[in-house]
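Quick one: the structure is below, questions incoming.
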Amino acid sequence: MAVDPVYLVQLTLNGITLGLLYALIAVGLALIFGVMQIINFAHGELLMVGAFAMSFALPAMGSLYWPAMAAAVVATMICGLVIYETLLVRLRPDEFERSILITLGLSIIVLHVVQYLFTANPRMVDTQYGFDGVLIGTIRITWTRIIGAAVAIGAFALLFVLLKHTQFGRAMRAIAQNREAALMVGIRPRVVARNAVVLATGLCGLAGAALAPIQLVTPGMGQFLIFKAFALVIIGGLGNIPGAIVSAIGLGLIESWIGGFFEIVWQEAAVFILMVVVMFLKPDGLFTRGGMRVG
Amino acid sequence: MTALLEVRELRKSFAGVHAVDGVSFTVEQGSITGLIGPNGSGKSTTIDCIAGFQKADGGRVILAGTDIAGRSAHQIARAGLMRTFQTVRVYENLPLRDNLTIAAQQFDDASWSDELFRTRRYRRAAAAAEARARELIELVGLARYYDAEAGILSYGQKKLLALAAALMPRPRIVVLDEPVAGVNPTRIRDVEDVLRKLNASGETFLIVEHNVEFITNLCHHVIVLDQGRKLAEGTAAAIHTDPRVLEAYLGMTPEMAEAEMRGAA
Amino acid sequence: MKAVAIVIAALAFGVLPYLTSSNYILGVAVSAAIYTVAAAALNLIYGYTGLLSFAQLGFWGIGGYATALTVVTFGGTFWLGLLWAGLLNAALALVVGYPTLRVGRHAFVIVTLTFALLVTLVARDWVDLTRGPLGIPGLPAPSLFGVEFKTTTHFYWIAWAYALLALGFLYALGTSRIGRTLVAIKQNEPLVRAQGIAPMPYKLAAFAISAAITGIAGGIFAFHLKVIDPLFLDFYYMQTFLIMVIIGGAGSFWGVVVAGIALSALPEVLRFSSDFRMIIYGVVLLVIMLVMPGGLAGWIHQRRVARMRAALR
């Protein structure tokens, strides 16, 4: 079967963009897990909130991309802060099942409240860039996709700097790697956890805001994505940030290639099959586990 | 005196640090042997390796003639080595009665079908376990809490419960990991009495402890670890005056220690 | 005596069709019986053993489809279908359970969730096997010795009989040494190992048993609905079972049974828009986990322990 190289490149670029967005979600999850030892079931809904916020902010700001995105991210981070202070702060590190059920309850509430208020009708979101794009040969990429990818890369770069070179970030890594030792040197778990949650929701909101112009916005858009993100976090190794990023981009590529040549069902099942395979071969994840490694 | 437990050249490293670096010692049948050492000397790791909670990198652990090194924790327990934990472990939401009978469960010959049909074998085993549980609970002085949940006990009482549970299956040897750490000083006397009583009826103990007085009062033989290696061993009295031990433990010379003792007298 | 009262109550439930001829009420009663069994099975793996398994939804769906396919595609009887539902799920649980139980508590939850999702994907997309989104409508009434179980009343008796069997089994298991060992594993696994017990066989057994019981329940329910389609695997069912376990009290047999029966009427009562119903579910889940994580039975138990503590000090 002759494969059109242009088609392949198109798929690859799409895959990378998709993967970068997956990565934003997965990294947020890995961050929260690393610091708090909990898995945030409401993460997908936070993405959805970011997307919805973007869909409201854009018309309000004259379809200007960047201000709207900033507003959406801030809105999501505020949500994250509220969620932390009202719910998550009550959780102790060994209450894993309780954390899942609490965030599950939250996810149900958020999703259905949004659906109740705004209906399940998909929304189209228009930005200043419209459908304009860049033409490379015969390959067409919309600006919104390019910017989405660039924003994700920028966010990761910022995260890297934050985690490696600031007190803010070092405290997070310390708690993730050895909670007791971190407590002993005076790091306050409540503050660090709050920061981690706000940061993670910021990343998630960013992903949602970037996704809004690229695909339709619905209340349920976070649901399926989040299950993939969970699988990615397992594949990359719980709490492992670079692992999550690499796995996510890898998945984006694999899904894009599979989707381009095979039926949709395989594309959707891909991540889960991958997770099962990884589990059999390396139960702790593809990358060395433990703490949050940065590079 | 026969050697019940023999540890030969035990080795365990964590990320390049030699937590246990070629430790060898024996525990004689019917003795109370102490294992002491400053923090970080490798005592807990040694115990974990012996009991199967960590996999040693090298060396042999011989229990009553069989090499148990490398076996999993539950297999080692079944082979006759029971242990307690430094941070006490009991079943918090189960009554003391269950805490004890669960410990004996694996060691009787009743299967699930025996239980289902309430065969004679099951009833015999259950009765025996019940009798032993009552005997031990009396011994550790917790009889009034027999039907209460373990969670209501104080820390020291839980340690006594854990000790009783470890003795349920009549093990060959009981390894106690800091049995009196965090325990009320008055209660420590109780623990000493219990252990002496049990030892008199033939039970062998290997005790890891920080409390030197406790060890001195109880142990026939003491092994001292420092930085993963055996520093000294001998009777408690000998250890007390061994200059190497004094230096490692207390940072003192024999003269300083003597002055301390005289000052305390 | 308590045992006598329970037996009488159990039998009393069987009399229900003589007290009412309303198909609606009997339909709710069928749901109550089946949901309670599924919740009790979830209680075995989550309440007793401490493993939060979302795989129950997958086993529920596989049970429904296995039974339906046995009858419709392979020409077997309903009862054979139920047998297959049980065996297939048990086998699957062992195969899936072995690696999953080794990966640790955190990954376990996600992997079981993924399993449920995979089953949903198969139900929806493997059209050759499951007829895809259209599902398999027109499931025939079961028959036994020539008697056809056509009406809702008949189905109620099937569900009631199964509930008695399954709950009786789970009660016996829960009060046996095996049940006690599961509870011990949940409370302090290292101690269990130090006492000579290998936890893995027990966890696998609990996983397989709850899978089989849930699968058979799913099979009965599918034939009660007379149709099976991918909606059978809607997360709504998982949430229902979960809420029953949590409100009743994870680890409490009677708590979950009472909650199961009581809450089965709830979806009927809360017939607002489905969004509103889900919001209420979410709020209930949240509030209970914040305020009373041990459920009603847990709260009662805590008070009893506090009294005992006061009495013994």
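Each chain gets a letter, A, B and C, in the order it is written, and its residues are counted from 1.
As a convention for this text, a residue touches a chain if its C-beta (ideal position, glycine included) is under 8 Å from a C-beta of that chain, and two chains touch if they have at least 3 such contacts.
Since the structure is predicted, the reported quantities are computational estimates derived from the model, not experimental observations.
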*Using each chain's Cα centroid, which is most distant from the centroid of subunit C?*
B
*Where's the contact count highest, between which chains?*
A-C
*What whole-number Å value describes the gap between the mean CA coordinates of subunit B and subunit C?*
43
*Compute the distance, rounded to whole Å, between the mean C-alpha positions of subunit A and subunit C.*
33
*If you average the CA atoms of subunit A and of subunit B, how far apart do the two points sit, in angstrom?*
49
*asked:* At least two partner chains per residue is the criterion; list those residues in subunit A.
replied: none
*Residues of subunit C that touch two or more other chains: which are they?*
none
*Give the residues of subunit B that touch two or more other chains, as numbers and ranges in rising order.*
none
*Under the touch definition given earlier, write down the residues of subunit C that touch subunit B in their complex.*
172, 176-178, 180-181, 183-184, 187-188, 190-198, 305, 308-309, 312
_Complex interface listing, subunit B residues touching subunit C_ = 51, 53, 72-75, 77-78, 82-83, 85, 89-94, 98, 102-103, 105-107, 112, 115-116, 144-145, 148-149, 151-152, 165, 169
*asked:* Applying the document's contact rule, which stretches of subunit C touch subunit A when the two form their complex?
replied: 46, 50, 52, 99-100, 102-107, 109-111, 113-114, 117-118, 121, 124-126, 239, 242, 246, 273, 275-276, 278-279, 281-286, 289-290, 293
*Can you list the subunit A residues touching subunit C in their complex?*
33, 37, 39, 87, 90, 96-98, 100-102, 104-109, 111-113, 115-116, 227, 230-231, 233-234, 238, 263-265, 268-269, 272, 275-276, 279-280, 283-284
